[in-house]
Structure formats: structure tokens, C-alpha cells
Amino acid sequence: MTESVQHLPDILPNILIEPLVKAALLEDLGRAGDITTDAVIPAALTAQAAIVAREAGTIAGTRAAELAFRLLDPPTACEIPAPDGSRVSPGKVVMQIEGRARALLSAERTALNFLGRLSGVATATAALVQAVEGYGVGITCTRKTTPGLRALEKAAVRAGGGANHRFGLDDAVLIKDNHIALAGSIAEAVRRVRQRIGHLVKIEVEVDTLRQLEEAMAVSPDAVLLDNMTPKQLEQAVAMVRGRATTEASGRIDLETAPVIAATGVNLLSVGWLTHSSRSLDLGLDMAQA
Amino acid sequence: MTESVQHLPDILPNILIEPLVKAALLEDLGRAGDITTDAVIPAALTAQAAIVAREAGTIAGTRAAELAFRLLDPPTACEIPAPDGSRVSPGKVVMQIEGRARALLSAERTALNFLGRLSGVATATAALVQAVEGYGVGITCTRKTTPGLRALEKAAVRAGGGANHRFGLDDAVLIKDNHIALAGSIAEAVRRVRQRIGHLVKIEVEVDTLRQLEEAMAVSPDAVLLDNMTPKQLEQAVAMVRGRATTEASGRIDLETAPVIAATGVNLLSVGWLTHSSRSLDLGLDMAQA
Amino acid sequence: MTESVQHLPDILPNILIEPLVKAALLEDLGRAGDITTDAVIPAALTAQAAIVAREAGTIAGTRAAELAFRLLDPPTACEIPAPDGSRVSPGKVVMQIEGRARALLSAERTALNFLGRLSGVATATAALVQAVEGYGVGITCTRKTTPGLRALEKAAVRAGGGANHRFGLDDAVLIKDNHIALAGSIAEAVRRVRQRIGHLVKIEVEVDTLRQLEEAMAVSPDAVLLDNMTPKQLEQAVAMVRGRATTEASGRIDLETAPVIAATGVNLLSVGWLTHSSRSLDLGLDMAQA
Amino acid sequence: MTESVQHLPDILPNILIEPLVKAALLEDLGRAGDITTDAVIPAALTAQAAIVAREAGTIAGTRAAELAFRLLDPPTACEIPAPDGSRVSPGKVVMQIEGRARALLSAERTALNFLGRLSGVATATAALVQAVEGYGVGITCTRKTTPGLRALEKAAVRAGGGANHRFGLDDAVLIKDNHIALAGSIAEAVRRVRQRIGHLVKIEVEVDTLRQLEEAMAVSPDAVLLDNMTPKQLEQAVAMVRGRATTEASGRIDLETAPVIAATGVNLLSVGWLTHSSRSLDLGLDMAQA
Amino acid sequence: MTESVQHLPDILPNILIEPLVKAALLEDLGRAGDITTDAVIPAALTAQAAIVAREAGTIAGTRAAELAFRLLDPPTACEIPAPDGSRVSPGKVVMQIEGRARALLSAERTALNFLGRLSGVATATAALVQAVEGYGVGITCTRKTTPGLRALEKAAVRAGGGANHRFGLDDAVLIKDNHIALAGSIAEAVRRVRQRIGHLVKIEVEVDTLRQLEEAMAVSPDAVLLDNMTPKQLEQAVAMVRGRATTEASGRIDLETAPVIAATGVNLLSVGWLTHSSRSLDLGLDMAQA
Amino acid sequence: MTESVQHLPDILPNILIEPLVKAALLEDLGRAGDITTDAVIPAALTAQAAIVAREAGTIAGTRAAELAFRLLDPPTACEIPAPDGSRVSPGKVVMQIEGRARALLSAERTALNFLGRLSGVATATAALVQAVEGYGVGITCTRKTTPGLRALEKAAVRAGGGANHRFGLDDAVLIKDNHIALAGSIAEAVRRVRQRIGHLVKIEVEVDTLRQLEEAMAVSPDAVLLDNMTPKQLEQAVAMVRGRATTEASGRIDLETAPVIAATGVNLLSVGWLTHSSRSLDLGLDMAQA
């Protein structure tokens, strides 16, 4: 894990993040800009600030936070002692910023909104990863992400040590209950899909019962999503699959149930709430005149 | 409350919401669209679907959810038995949709992502509103919102019975600790602000101590933000202010502490976690062939 | 006034202005760019230019003008001897530019279009401010601005010594005749508004008669807009209000009538033509080979 | 003129105007929308409104005004008794609108801002056209237009009976003083241009003196811009050109000087202030409950 | 093939195509619109038109063409006798359009530019598919697509009976020579990739030699790209792979070499020129007054 | 020609090209970025690369290719030994790039897609220009360009030594068969056009027969487009026109027929396939660790 974590801070190029950070700044600046700061703080005044963790957690979103300051005032200098994927204790400095005081104050909330939310996702993921340590199971996220922030939230899941499910409707096939119902059978749905997709697209089938699983395995999917099964059913499912497909469990997975489900031998736990319901990590910005 | 609730479903015109919903759909559709659905479901097939609450809560975001379906296929018909602001029990139908099966399946996740998150905000707000019922205190949100979704989250707070703080840095003045430190004093900061702002802009000053409050009241702000004060301090603060400014308490407010703080007589409780840390409301989409 | 003028050149961050200047450049460059300049001027040639006032006035829009040159060729150097808010005499150099001759020639018209129009607004405002000097009255603008340029025109009004009315429909409440007619009464309209808005939003009521003013004052608005009243009526209005609300006069205000209306004791004169009908300030660009 | 006027209302397709009107609406609605109207006016209430001329003039911009209402609420019905190019007297109804009262009130200012400004341009143009009636001279505009609104302002000039100069730097060649200075001579500048441009691009040369005109005519431009010449010089210029190029006079042209300059026999009067300094036409919206 | 062809016309929802068609229309309309048509054709005149194949081929891009007309004038009616995937003979009517004559004339070139180019891609693909009929080999495209048009060109390849390779850098892994060189070995590159990617992402390795292939097969990729191998080497490669990975040949594939390469037993032929170098299909628009 | 070629690399300012290159990069990076490169290549590794011609041709699009690298990583250094308009032999280095290895690998395909396509257009143009050398005829392109890339393709035609026809529907008038049919006659169409257009817009009339040409010449157009005429008819046409208009031949022009048509004395050959059907120039990127 060490090595891939080293790579993480760089994997989303600025060209992908910048439009989101710019939109967030504009949303906050409105038409008239930061009227408080512009009135109170002289334009030439410079200052230093530190973003500090107020509680323990795993960091994500530092690039977005840095961009918030730099989009407002490009010469602003940022150092990041705790890059994405770092575990921090309360009081740890995550980012140090130096530049015009106006830019620091006006971008503060936008930077913290990104950093807090994404670190919250990373922290929740890391907790779950830790909860299943030793079981050889992976934690993966879903498409239940915040509208507009999917790429950042998926990166935050990776920063927390989790893995990514598909990024959208177009990069992998997931045949779900409604598809099966409307196609008539799993076999027919998979047949139709194989007519259309290219050779680099994987197919996963969602099943609720072992009977459906049997039907699915007959057409050799790359992965099966075992939805809302009991630990006992999951064990049987793993036995039926015999390593011929990736097994992924979903439904009612939390810090308590995760080890139990992990013990069934499934390859992955799929968890929606990492992205749709984790709370923000508490971070603050402390400022000092430069 | 009844009357304002009637107005709520309509207050954000589509011209404001549409870009957000379109961006979310495009984020999910990627370059190739919904490759599963396009392969499995015939283009002409129509279907009916219902979005159903899986737990109790307060609804928000129905307009965004409706738009998700209609942007993908304009003739899709939507009825909304539980518009924004409605309290729902588990099993309650929130929205009924009829149209092409492909559009229903492809827009489902985007619609639910908006509806779940925003209803989560509304539900958290409503719980807090209920917790302080009878105290004559209002619940208000902050700028700690999801980047890009501020307008929708502010509307969700209103749907839950809460009130809105400023929408950005430009529509009201909030003089915070760093402004005061860099200006030298509260009086000087307020003086500079009054030189710049128009007659329709209000001024709020954030204070941590009663001594600061005294300094603030000397320059007649419209509101004071009493940050991280004890209930006892808040009571004293309310007594000092004597109705000459709106009093707003912030810091460590949850369902348990809220009534205690409300009992101090402050006008408003300001709560960041309504928008940055509430969990999504659990909603599902049930489908049937038309 | 001196101090706030010092701040003005900086209050609209580039992130807010850049899209407007980019759009204006693209509008002028079309698909093929500046075909005259590209054919006639060698790519490597550098030049110096000065933007010079051809008549007396007050400057605004220098940041937009500077951006026009720098968006076309980022290394272009700009100095601004006469920043926003400066009063200039004919012949005064407002901006000095040095860079590639092509960029100077291609951006010239866009830069001058911004600078001329915005300086025109500032100049008209300054004339009106001067006309009422000594009366203790402020000059404020309206929402009758050029589509797309509101933030810049509001800043130009401030550069001319005026103040800003609300920036849009969302940052303050203004209850006008049609609202009153459809609500049934001023009291009912204000009651509905108070149900919805947050504690940092001010309420202004527009009235045509003293009778309406009485009705309005009964519900304690933050400001009253006294529309098309005679000086005599305005005097009575000021007396009725007794400082309990900001008083703002509108209608038929020009350089001649302004002192008369100012003498009535109203707090503000609201003037639409500053932004919708003032003429451009005459400025020219003089060029020399570097 | 009759026939071309018939065509005018249609020449800018909605796909070109819509982004401008949408941007103007969004600029006014901000993040929270029309908070006054949303609070005061029930969502279902419908109303009728009429846009009425408060002074005499020539109309332009009706399509933009119509779009303002329809972008906010698509079923809004608009009739346009006075389409672009119509001359109106005070009291004349320009546009009748029927639809939801909220949309009428929220779009009113945006619609009027477009209609007033563009009708102001058309009215100024029409006055100048009338001033030179009988001289066989045309009125043409320049690139001194409002940033972002060039296409609409050029259309307004046509609505007023004027003609359009080039729309940007790319659709025709205009060799100006700085080009000539940097190229060394008119002949050299024209030679370089002819090497680059296609066969459907015309060349105009700006000259200040008759000597320069002689130099220009030697290389057969399509048009000559006679800048700041006296009527006497213009007469001589026309005589020198002998119909071999279009002659266009610019500089110090107003309602008084125009006939004198027209009498010199030039083909066109080029007038920047039509677009950069004409005042808005006074129009109002009168509303009635439907 | 029949069944998947039925699905094709619908697989790219309008929300994905519309921005491209709108950009193309705006590129053609410029600032002033279609000045020829607007001057010559009365606004109310309606007409009928037919887009007709002038040579034999396979159609793609009908949805984009239809949108070109409808974006300019929404009520325009379009019928598509030859939807995407249809093989047409010279003279065959591909699309029938009825609406305002102006919209038909102004959108004609944009519609034909999309339809001609995309049908050219489909026709080239179909020719190659036909050339290898009976060999059980598929034809696939690459990322060598026209900037901005990838999704449409990939759909055109499907319309021609081909299959799609990955849509971008993010939906599948392709380890190429430079990756291998910088990582040190195929094994190391694959190891690093497996640390990062999710379970629904496939891995393909590009190899130039059989020795590299052996190295690649040792780490079990999902697919191997056999670049620039001779038919003999390809045969050996297929024998080495033994069905454990998809085999894809690339390099020097044209209508003549394709059957020879297909006969080696590889699964796929990867062909860049389908999208970067096929010529447009010749189509024309015939018009008649309605 | 030498001199204008020197100017070419600079004539499209970055502000025009950047949105196209950014869109192409985003299309390739998708939501997750270059997952192969990000996993395999350390973030800090730098490298050198050279873009090399694999076949002889004429270069165009170097600015777009350079931007692809620099938009991904601004400090990337680019040298361009073969700027737009250069003729290159196989093996010639067109561009040298040095920077972070990740940026080089991730931008490679986008850079080559622009460079290959645009150099293909330039190469085809140059071949045709050479084919008619000595005849005193020019080669011009049409509006049959790739949707979205018109400005770049027109510049590529210039880089190949050709000339540009109009850039869109708005910068010149071209009266075609359908316009004539709907107007009733060439004379009537031209009359209507002259009522509307400004003095810097040229008029071309398309004719199929000598009889139509006679009709056209009677109303003095600036140019005539002689469509699908035989060489004999073209000779007669040239004789009829007698230099009073530019003569432009179109239809069935290829490398073989071009000299024959050129020999008829027409001024220009108009060729659609330069932009809609020329194949990409083969270029490759060779990389070395820095």
C-alpha cells in the first residue's frame, strides 16, 4: 500500500480539478466578491496560514484546497506536510499557505469545504479498511457520490486505502435487477451486452439469491455483486463461484458487520455510505500576519 | 410554516438547477452513455417507476430529481406526491415517473443522488427544528456546504424548516476573528466596512467573549455571532444585547445540546453539520414495465 | 473617501472579471483572429503604448483593460498611473503597456471598450456626487445595468464615489408596486417575506405616496424607496420616517434636480441612468515601436 | 427599407441570443433567485403584462426580451405588436406577455435592460438616418460596442436603418495608422495583407490626409476610411476617389454635423457613439392579474 | 448483427451530442448568422428537403444531423429512412426534413459535415468487416480520433459493425512500450497497475515480439496488443496465448492485408485509420419549396 | 510565399485554440485520468520526447500539439524545429518536448491527433498547390470542415499554401442554387442581399451553366463559383467574366484534373476534400528518460 499511496497526490491532473474549484469559488464570491475582506484588509497585506486537523483522520483533497488559494491569487505559496493518504492526529498541520491576506481569507471556506468533505470520505474508508485488516478483502465505493464531485470522491476513497468501483455508466457493465426483469433472464441480458461492448469492458451481474447466482455463473461474468445476502449465503456464494469471478458483497455493511462479512471470503465489500453519508473531517485554518 | 412550505417547491427556478443536474448526468454517462441499459433495454420500451422512502424523513430536491429524468428524455412524466418540505414515513411514494425505460434506468442514480443528499439535509434540519420547538429560536445553516451545491442545500435547509445564513461572501458582511486581528479592532473593521457597503447589506460580527461582544455592540451591528460560548455566557450575551441585534449561537450544537442553548434566549442556532455532515436519506426506485 | 478609493482597484478578483474579458476578446477575434495585424505586423515585433484620456473624467475598468492585453499575450507588461477612482485631465496617461505589437493592436479595441464604458459610468457618478456635495446624501445605482456587466458597472459606480444598491434579485428584498398589488397590501407582502428570508437580508419597500409610506413604516422596513415624489413630498416623507429607515429617492434625478432633492434630507438618491445611459469616456491608445 | 425591415426580427437565430439572455438572467437571479417574488407571489398565479414605450423611438431587442420571459418559464406567451425596426410613440405597446406572475416579475428587469439599451441604439441610428435623408448616404456603426453584446447592437443599428461595419477583427481588413507606421507604408501593408487573405475579404484603409488617400488609392482598396477630415477635405477626397472605392467619413459626426458631411458626397458616415454612448429608450412594464 | 443495429440509433443520448452540434452550428453562424439566407429567404417560408446518398455506404450520425436542424428551429420535422447502421445505395434518401426554409438552408452544411464524416467512418469499418467475414475476427478502433468527436466516431465504428477499444485513458489500462521502458519490465508495470485499479478495469499489454509476449502472459493480462507482427509471428502468438487473453493485432492493416492477418487466428484487428483517415461519404441535400 | 509562411505559426492566438485542446484532453482523460501512466510512472520522473515525421509532408497544428503538453503540465518545454508550413522528410523531428514523464505520456495521443490531422490537411493542400504550379491559380478550401475544428483546418490549408474561402455563414455572401430558386432569380437574390449587407461584405454567386453566369454577371458580383463545369465551359466562363469578378471552379478536382482545370484560366480551385477527406500524416512520438 505504501507505494501506491505515494502516487496518489498526483493522480488527478489539475485540468480535471480546476473547473470544480473555480465553480466553488465563484459560487462563494458571487457578483461582488468578499465584501468583508475587501473592505477590512489592505490589498498589499501578506499573511501566513496553516490548515490544522482538529481531530484524527485520513487526508484527501489537498490539491483542490491548494487550487482554491492559487486560483484566487496565483503567487500564493502552499506546502503540504500531510498529502492525500496521510493519517493525521489532532493538531497536525496539513497545509501551510503564504500569500496575500485577502486571498487567504476569501478562499479559506472553499478550501476547507473540499478538504473537510474529502478527508471525511478518506477517513471513513480508512476506518473500514482497518476493520477488515487481515481478511484479505478490499473496500470499494459505489456511484452514490455527490453530484459533480465523483472523481474527487473516488480519489478520496483511494486515499483512504479503498478501491474504486466503476466511475460511471459507461466504463463497465453492471446488470441489475431491473435490467434482468426487462430482458427476461440473466442469460439474455448478458447475451445482449456481449453483442455491444468492446473487449476491454468487464461485466458484473447483481444477484439477490443463490439461485440467481447459479444462473449468472452459467454465463461467466467477470464479477458478481451479492446484494443483501446473509453471511451464510455469502459463504455459499463464494463456494459456488470458486474463484471464477470477483465476488462483491453489498448491503448493510458498517464497522461492526464488515469483519463478519469479510470472513465469508468475498473479495470486496461495496459501501455506498463512504461517499453519500460520511461526515466531514474537522479542520481549521489558523492565520498569522506575515 | 404551512404557507411558506407551499412556496418552497418553486423557489429555485429551473434555470438555476439545470446546469447542476446536467453536469451530474454527464458525469455519470461519461463518453459512451449507459452501456448496460443501451444493450439490454429496447429503445421503445416504456416503464413506470416510483421513488419510495425507505426510512422516515423530510423531502428536498424533488425538482432536481425530476429534471434528471426529463433532461435525459423530455417527455418523461413526473408526479410528486411528496414535494419539498413533506415529512414522509417509510414506504411513502415521493415521486412517480413514467417514460422510456432507458431514461428511467439511466437517470435513476443521478436522481437519487440529489434526492437522497438533499432530503438528508432537510431531515437533519427538521430534527433540529423539532428539538427546539417552543423555544422561539430559529435554526440556520452556514457556508460549510458541498462545493457546487450551495443553492440546493440552502433550499433543503428551508425545506426542513430552517433559515438561511448568507449565501456567499458578497451578500452580507461577517466580520470574523482574522478580520478583527488584521484590522486592529472590531470598531475599526466595522468602520472600514461601512465605508464600502451599500444600504441593503447587513453586518454581523463574530465574537468569542463577552468582552468582545461589548466592543461589538458599541458599533451597532445588525447581528452578532456568539461562537463557542457556554449556555451561561450565552444568557449573559442575550442580556447584554437587549434585542438591539440578532443573536446567533454557534459551536457544538447537536440534538442534545440544542434545547439547552435555545433556552438561553438567543434568536438563532447556527449549525454547519446540517450541510457538511448529515447522512443521505435512504430512498429507492421501484420499477415496473408500463 | 480616500481610504476606500485605495482599495477599489482590487475588489473584483480576476476570477470574476476574466470570463467577461475573454468573451469580449473572442467576440472580436472571431474564428480567424486579427487578420489585418497578423498579416502586417511581424510576430516578434515589440511595442509600447499608452492609453490616454482625451477628456476629463473619473477612471474605472483598468483591471479589465489590463486583462485584455494579458489574456492575449501573458508577458505583456502594464502600469496603471491612473487606477480606478482617479480623476484625470485630458492628456493624462491612464495605462502604459509594453509587449508584442500584435497583442497590443489586437486587444486595443476590447481594452478601450471596457475602459471607456466603465469610466463613463464612474464619471457620471462623480459628477452627481459633486453636485450634491455638502448635503450628506449618497448616490446609489440600480439593477438597470448592461446585461452581463453588472459587477463591473457596480464597481464603476463605487469608483465614482457612489454606493451600490442590491446586486440582484437574491441579495436583498425590494417590494414594488406589482408585489403589493398581487399580495393585497404592503403589510401582507412584508409578512410573507419575513417568513422566508434569513436574518442577514434587508427589506426595502417602494412607495409612491405618503399614504403608502405610512402603511410601509407600520411594518418597519429597513429602507423605503420614495418613487417619483416631489421635493415637498420627500421632505414630508423624511419627517414621517424619522430615521427609522433609510430613505431613498428615485425618479427624474439629474445634475440640476439632484441638489434640490438632496436638500429634502433623504439619505440616498437612486439613479438608473448612471449605468444605462451614461456616455463612454473618450480615451485613445497611442503607440510607439519599442 | 420596408422589405428589409420585415426580415429584421428574424435575423439573429435564438441559438445566438440565448446564451446572452441566460447569462443576464443568471446574473440577476444569483444563487437564491428572486427572493421577494418567491415569498410574495403564489406559484400558480398567472398575470398579463405589457411593455409600453414611455417616449418615442425605434424598437430593437424584442427577441431578447421575449427570451428573458420564456427562459424563466417556457409556456409564457408573448405577442410583439412593435417588432424590431418599428417606430413607436409614447404609450405604444411593444410586447404583451401572459404567463405565471412570478416569471413576469423575475424576468422584467432583464427583459427591459435588453430592450431599453437596444432600442436606444436603434433610436439614435434612426435619428441620424433621418438627419441625412435625401443625401444618398448611409449610416454605419463601428467595433466600439458593449463587450459581449456586439451582435445584438449591430442588429439594433440595422433596425434603426443603419448598416454594419465589420463584426470583428476577422471578417474584413481595416488598415489603420499603427499598421501603416509599423509596416512602413500603406503600399507595403496592403501588399502583406493581399498575401494572406482569401478572395472574399475586403480591404479598407484609414487615412487622415489627402496625401495618404492618394497613396492608398494607388493600391486599389475596396474602401477608404476618411478620418477626421473637414467637409472641404472630404469633398476633395470624394473627387479623388472617383467611385473606385467606398468612401466612409468618421470623426465628430452628430445630428448637426451629419448633413454637412453627407453633403460632401461620401458614401457612408461611420459613427461610434451609436453603440458606445446612446442612452436607453425609456420603456416600462405594466402588469395586471390575469 | 441485426439486433445490435436496431439499438444503435439510440445509444448516444441527445444530452451527449447536443453540445457538439451546438458548437458546430455556432462555429458556422459566427456573430451575424447566415447573412445570405436571412437576406434572400422570407422568414415564414417553409420547405422540404431530403438528404440523399450520392454513393454507396453505411450511415452514421443521423442523430447529430437531425439535431442540427432542430437546434436551429425546434419544430422542424425529421424522418430517417436510413438510420445509423443502414447500408445505402446511391440515390437512397437518408433523411427527410420539413420546416422553415431558413433553418433548412442555414443548418444544411453542419448537418452534412457530421453525417458525411461519420458515415465515412462507418463505411470504412463496414468494408473492413466485410473483408474479414467468415474469419471470426472483430474490427476495433483506437484513440486516434478527431479531437472532440470521439464518442460520435466510436458510435460510427459500431454502426459499421466494428467494436470499440477503450474510450479514453481512464476506462482501461493499456501498457505500452514507454510504460514498460520506464517501469523496467512488463511484470513491474503490471504489478504497479494492479495496486491501483479497481476490479472492473481490464489490463492490456502491448508487445512487439514473441519474447515480450511470453513476459506478458506470465502476468495474465486480459488482452495483448500484438503490434506490427508478421502473419507468421501472429500465428505463433495466438498459439502461445492459447485463449488465455484476447489477442489484438495492430499495424499495417488495410483491406488487402486484413484477411491474411485475420487468418492467423487473432481475435481482433485494431485499425487507427478508420477514424483518423477515412474519407467522408458523399451526401447531398435536395430541397423543394413546401 | 516565403514571407507569409513566416507569419503562419502565430496567426491563431492561444485564446482561440486553447478551448479546443482542453476539450480534447478532457475527452481523453475522462473522470479518472490516465490510470496506466499514473500507476506506472513516478510523479517526479522527467523525460524527453521527440515528435518525428514517419512520412514526407507539410506540417500544421504545432501550436495545438504544444498546448496539449503545456495544459497538462505548464512547465513542459517545447521546441519546434518544423513549425507550421514546413515541408518535412521521414525522420525529421517536428517538435522536441521535455518535462514530467507523466504529462508527456498522457498528452501524447491528443498532441498527435491534432498534429496528424492538421498536417494531413496541409500536406494534401501542398500537393495540390504543387500540381498547379505555374498556372497562376490558387487553391481554396470550403466550409466542409470537421465540426469544431474549422479555424484550425483553415489555418492548416494556409500552412499548405492554400487560401481560405469564407469562415462561416456570416462573413461573406454565397448565393447558391436553393437561394436562387426560392428568390426567383439571381438578380432578385442579389438585390435582397444588397439591401442588408454592409460595405465590407463580398458577394459570390454559384452558377451551373453559362446562361446562369450571364445572369449573374449582369448584377456584378465580386466572385462567381463555377460548379461542376467542364474545362471547356470553364474557359468560356473565364472569357465571359473578363476579369470583372474572381472566378472559382469547384467539383471533381483532384491531383490529376487540377492542372487541366487550372489551365482554363480560372482564378481559384475550390476543393472540399482537403478538409473532409484527407488522411492524417503519420507522425510518432519517441521518448527517452531525461
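The letters A, B, C, D, E and F name the chains in turn, as written, and every chain counts its residues from 1.
Criterion: a contact is a pair of C-beta atoms (placed from the backbone, for glycine too) under 8 Å apart; a residue touches a chain by one contact, two chains touch by 3 or more.
Just so it is clear, the model here is predicted, and its values are computed rather than measured.
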Q | Chains touching both chain A and chain D | A | B, C, E, F
Q) Between chain A and chain E, which partner chains are common? A) B, C, D, F
Q: If you tally contacting C-beta pairs, which comes out ahead, A-F or B-F? Let me know.
A: A-F
Q) Could the interface between the copies chain B and chain D be described as same, meaning over half of its residue numbers are common to both, or is it different? A) different
Q | Inter-copy rotation, chain D to chain E, in degrees (Cα atoms; steps of 5) | A | 120
(Q) Measuring centre to centre with CA averages, how many angstrom lie between chain C and chain F? (A) 44
Q. Between chain E and chain F, what is the separation of their C-alpha centroids in Å?
A. 22
Q | Mean-CA-position distance for chain C and chain B (Å) | A | 32
**Q.** Touching two or more other chains - residues of chain F
**A.** 4, 7, 27, 29-33, 35, 38-39, 106, 150-151, 164, 167-168, 170-171, 192, 195-197, 201
Q) Are the chains arranged, by touching, as a line, ring, star, complete graph, or other? A) complete
Q: Spell out the part of chain C that touches chain F in their complex, as residue ranges.
A: 22, 25-26, 29-33, 35, 38-39, 42-43, 71-73, 102-103, 106
Q) Which bits of chain B are touching chain D when the two form their complex? A) 4, 6-7, 9-13, 15-16, 150-151, 154, 164, 167-168, 171
**Q.** List of chain E residues in touch with chain F within their complex
**A.** 20-21, 23-24, 27-41, 45, 47, 101, 105-106, 109-110, 112-114, 116-117, 120, 143-151, 167-171, 173-176, 178-179, 181-183, 189, 192-193, 195-197, 201, 273, 276-280, 287, 289
Q. Which chain F residues qualify as touching chain D in the complex?
A. 1, 3-4, 7, 138, 140, 158, 163-167, 170-172, 192, 195-202, 204, 222-223, 246, 248, 267-268
Q) Which positions of chain C touch chain E when the two form their complex? A) 27, 30-31
